[in-house]
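First comes the structure, then the notes that go with it.
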């Protein structure tokens, strides 16, 4: 991460006068960061950078996306006691939060062999870049990062101006480097969107059967081939297998970022 | 929130060339933000500020900490279609994330009548201020914001220099405006810490019975009165009632910020 | 533009102690911004925002992309003399620079009826967003904004790992929302890239005849239809018509941003 | 440049998820940056700093202001393939833009042996420091950097309050470390300004003959000696020799920054 | 200090084009920073960091809080002449300002053996962290850093809502990690505040006798033991001894930061 | 001041969770800011901007540079109690600090009728702009703001390369818009510097008699007329009159910024 970003995060956790770390001698210590549960790690480069900022040294054999079991060592640490204690919380916050996202993502990925698992823009303000990075590390797809990345036409756009006119405007306004995605709620709209040559169609809050049927119709009308199909809307770990069997290309899951619990990791010093 | 902060968040979600919002006419529209489930709202001022930045108008009868039921209207909106669509995701991200924290916090608060429910520093880098604000809104306690707020002596500090010496150093180094908190893992350490006059003792990963017993001993030694007692370490919604009955003052719960799912909210436009 | 951005620009032009503007009384004045030559204007919202920051009022009947002739009034101004003189240089710098880009872009667009004219990443560090905005205003295409916007495989990438392997890696690594573009220097590479299903092929530094021939071959192999073709590399105003007649989709022109002279605009006060 | 500045520029060109550079192995490569045309280089320290940020190594025998011929090597590069490709565009943008300014500046300087060639405040917002640095590197004069650097009394100031009163106010308000410059459009105003003891007089949009005549009059009135004389206003490469022979001290040229094309430079990897 | 902070300070002192330092050769030089008067030094780490930023090397045997006499060497310097001259003013500004605060603080501390000397929030905007650090270095107490650090109930709060209600609100609103301080102007209010269990009572603008009497009353009512007592309000070096003998715990002195003259330090080069 | 600057200062004083201001009702109140001693006010626009940020309203009949007596009202305030209490400390810090500088500056100005009183670069890091503004408000001269403003040749420069060579380099390197100032320690160096045509000569740490004598010699050699003469080096309020009578143009006083006590101002609410 940029040094200017890192220092903003450090400032948040340090405050103005960190007495807690100064009351102990800055003796040389060793330590480990261990995982207290099974999961997929992410945020290793970020955590490493935090330790290095404070001149502590963190080494690991893992890379983002590696699986860990309970009690596995993620990092071995070496450095001054003050350095490690100053870095501890911020490093673990990156690691815990990003690994939590990676862990949930991998669970979805594992159950959706055919389809690509993507996250959404439902991310913590200011932390999206890291959240999407965790999704990627676990084999997921970041989807677009922001409003400018591709053109997404959603229900509220269509409510304002109708599907055809909105798509036509988008085709005229967008860069040739961008894709157009249209959100639909039924097969008929999917056919209209595909007929206009959009790149991606997102089936929003549709059942497995509705999606199956929509894909069948698109195939019949010879509109399936050049369009990427995405399913979205409250799809759970239980459902994801069924959705993936519909022939969908992508399944996007808000929960990857809005409802993933952190991986439980902790730091132990040894003198 | 500061305008400089807000613009940093807006930049993250807008990118360089927001075609999606420009392909529709900027006609005047109305809309609502509704809750799709029961919970406690937080982030109302932040969401309002996001809408106002884009010159849309959001009004609400609720305040942070208010309870909502499924389908309750949180905001009624008025403004240009482009304005509202530009603000939508960021406003909802504040609202969903902060309300999720508030909702979980309130559940703990409701089951812990005697004790105060506090969060920790296990927060998303860069977003701590808003996460703690959500905890407060729901009746929880923010605990310290950063390393400088009060002096917390943890297992790793004690491992480096021993309890007595660390406490003594802290008492000499800290400001008279700060409190000292010591983390202990058994009654005997609690007695030693209380005997030295620390302000707060945190029972780390101790059972309900161990804590009961520790408090009994502190009482017997007349050390209970001037110290605040805090329990911490994986305390669940199931356990929190039992912990609160031990006579503990504060129960701190990392899960408030690291394992709370967002409240499900959505925005609907009406023309 | 964001207020934080605007203030950074203002600080650059104001310095610490602007005596020049304080030596005159802050009397109410009127003024105009006029164009001293024919061209296409851009940067009107930016210039307006600069004047407003200093509480001067700038009104215009034009929008970005409008054509002006010599002596045409772009803005009429009203406000305190100090306000207008403080805003003058920064407002005109936005207007002159962005209009210069728009003017050159429009010239290319006018001679390339069939093909889309795009700019590149050859932009002034820190000012890309505004340069690309000027291109768009004049009917051009912004191409990608940064390295993350789409995947561009250039000669230097291919030199490292070969075309097929690089494209395969890109297809596995990229988001489904991103396109892949491959830069080629001959028809044979174009066929290989198109055969792998890339979204965009860029003919780099190839002659009109080479491009014509490449397109012919792509057509024969039935690979033309699903790929966007882009020509690039020192294409001048003289050549652009010929290139556009090859059947190319996009012509990208570094000169739009790296070799466009500013539009000559000036501000006249009237008391 | 400051690291905080550099990271702002890097962020602009990298975006959130640079797939393009990650799809190739980070093998060690060599390369060169060459000039595709004759010119004067500038921006070498800035380009070097960009490469170093990404841990690539750029070495050069040139310094800012050195002349290069077509095909001359500017930098030899060594480093990881990813590092060099990440740095490439930003490094070349500094180099191309600043060298373009230096090249045009040197052309003016070469034709104006007697007079000093200066640039103006007509610079790209946010990039002035680097543009003026390129002018200096080529032997030009940066003129003032911002409104606070010296006191410039222009036509619009005089329109508000008249020459004498404005100059008097400036003399009272300014620091003794600052100079006063007055813009005039005829000999008579020049005499009045020089008579008041201003430091610099700028002849705005006056012909070679008008300037010759003005200087003659100033000499006759014994007002020439303690004043610096500057000519400004659309002076071209063709005219600059004639202007410099009038006895003028400084010729300021907006075109150095607003109408200089970039020097054409490119980067070639060798494995 | 954070690098981002340091660069902001460097930018302030360097400006855009530092000719002064470039007109001398960057030859290797040595130098010293000496104190021209007796005092307590502070700001050594900050000054060292400034020199290092410019790649000059500053070594010292002192630490913040060390006493120096007239002509004592604080730093010995080694590096390029340009580097040292660029760093000089900013390094000395940190050193002079912070040492001035430390020197005055130590004088108060020396005369107040019993009581703790604290500073206030009367600090230079943007420089508080360094001012409080200087106070701490000299043996003083930083008091709270900002409005959020602890809850201070002042005359203006009480004027709005009365003492009891304000304290009660504070007790309900504040975190258990925060202390409550109440400002009083007479013994009677002190008794009321102590009776409510506040942590700190500040005697504002009260005489030595009034404070003595208040403490006597608090003792009689058995309210002294669990409260920290602070005296504040224009207490001078002459008075501080008398105040400290009242039995007060803390004496806060705005003058430490608002009326301390800099320590006179200067830098001498030797070739 | 820029909003981005203001918010940085506000963040410093507010922290993360300002309980103190929230425990009182936000009722509408009135108040005054009064001066507790005689002096010259400065910082009125800055203090006003702070109050306005919090939506409190501050009105005043004074302007920066106005004299106040003990108990004079500086501002009358109106607004919510919370708003005013939030703004209080930062507003008063601007006012107290800047007025302190203005007050000391005016004392020097009053005793130095002939000569101009200037400050130096001995300023608090990050606050220079405001400190120099206070000097200007009181009738003083800001001297140069930073290393780039004019070329100052000091003892350490001369130690490296000698006076003549340094001056010559400066004359070749600097912009025609900049002045050259040379620091000398005796009449002989002053003559050499004036003979080379420098703009300003600063007599560093020279006595009244030495300066008188130097000026006499400069006059004899006809070198006085085109050079500005400045005295510097520990000149006190007692000495300044004598120095001003030597015929010096400028007297620079580090103490204006490094040893001025704040003006004592306070805020009183009335309900």
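Per-chain residue numbering starts at 1, and chain names A, B, C, D, E and F are given in the order in which the chains are listed.
Just so we're on the same page, a contact is a pair of C-beta atoms (placed from the backbone, for glycine too) under 8 Å apart; a residue touches a chain by one contact, two chains touch by 3 or more.
What you see is a predicted model, and the numbers here were worked out from it, not measured in a lab.
The chains in contact with subunit B and with subunit E alike are A, F. Between subunit A and subunit D, the least number of touch steps comes to 1. The interface at B-E recurs elsewhere; of C-D, D-F or A-D, the pair that shares more than half of its residue-numbered contact pairs is D-F.
For the pairs E-F and B-F, the larger set of C-beta contacts lies at E-F.
Our note on geometry: subunit A versus subunit B, Cα centroid distance of 23 Å, whole angstroms. Put simply, the C-alpha centre of subunit C and that of subunit E have 52 angstrom between them. Centroids of subunit A and subunit E (each the mean of its C-alpha atoms) stand 45 Å apart. Shared interface positions of subunit B, i.e. residues touching 2 or more other chains, are given as 3-4, 8, 15-17, 128-129, 142, 145-146, 148-149, 175, 178.
All chain pairs that count as touching, in label order, are A-B, A-C, A-D, A-E, B-C, B-E, B-F, C-D, C-F, D-E, D-F, E-F.
Those residues of subunit B that touch subunit A in the shared complex are 8-9, 12-25, 27, 29, 31, 81, 84-86, 88-90, 92-94, 96-97, 100, 121-130, 145-149, 151-153, 156-157, 159-161, 166, 169-170, 173-175, 178, 255, 258-259, 261-262, 267-269, 271. Within the complex formed with subunit B, the residues of subunit C that make contact are 2-4, 128-129, 132-133, 136, 142, 145-146.
Looking at the complex, you find that subunit C touches subunit A at residues 116, 118, 141-145, 148-150, 175-179, 181, 200, 226, 228, 230, 249-250. The residues of subunit B lying in touch with subunit C in their complex are 3-4, 7-8, 10-11, 15-17.
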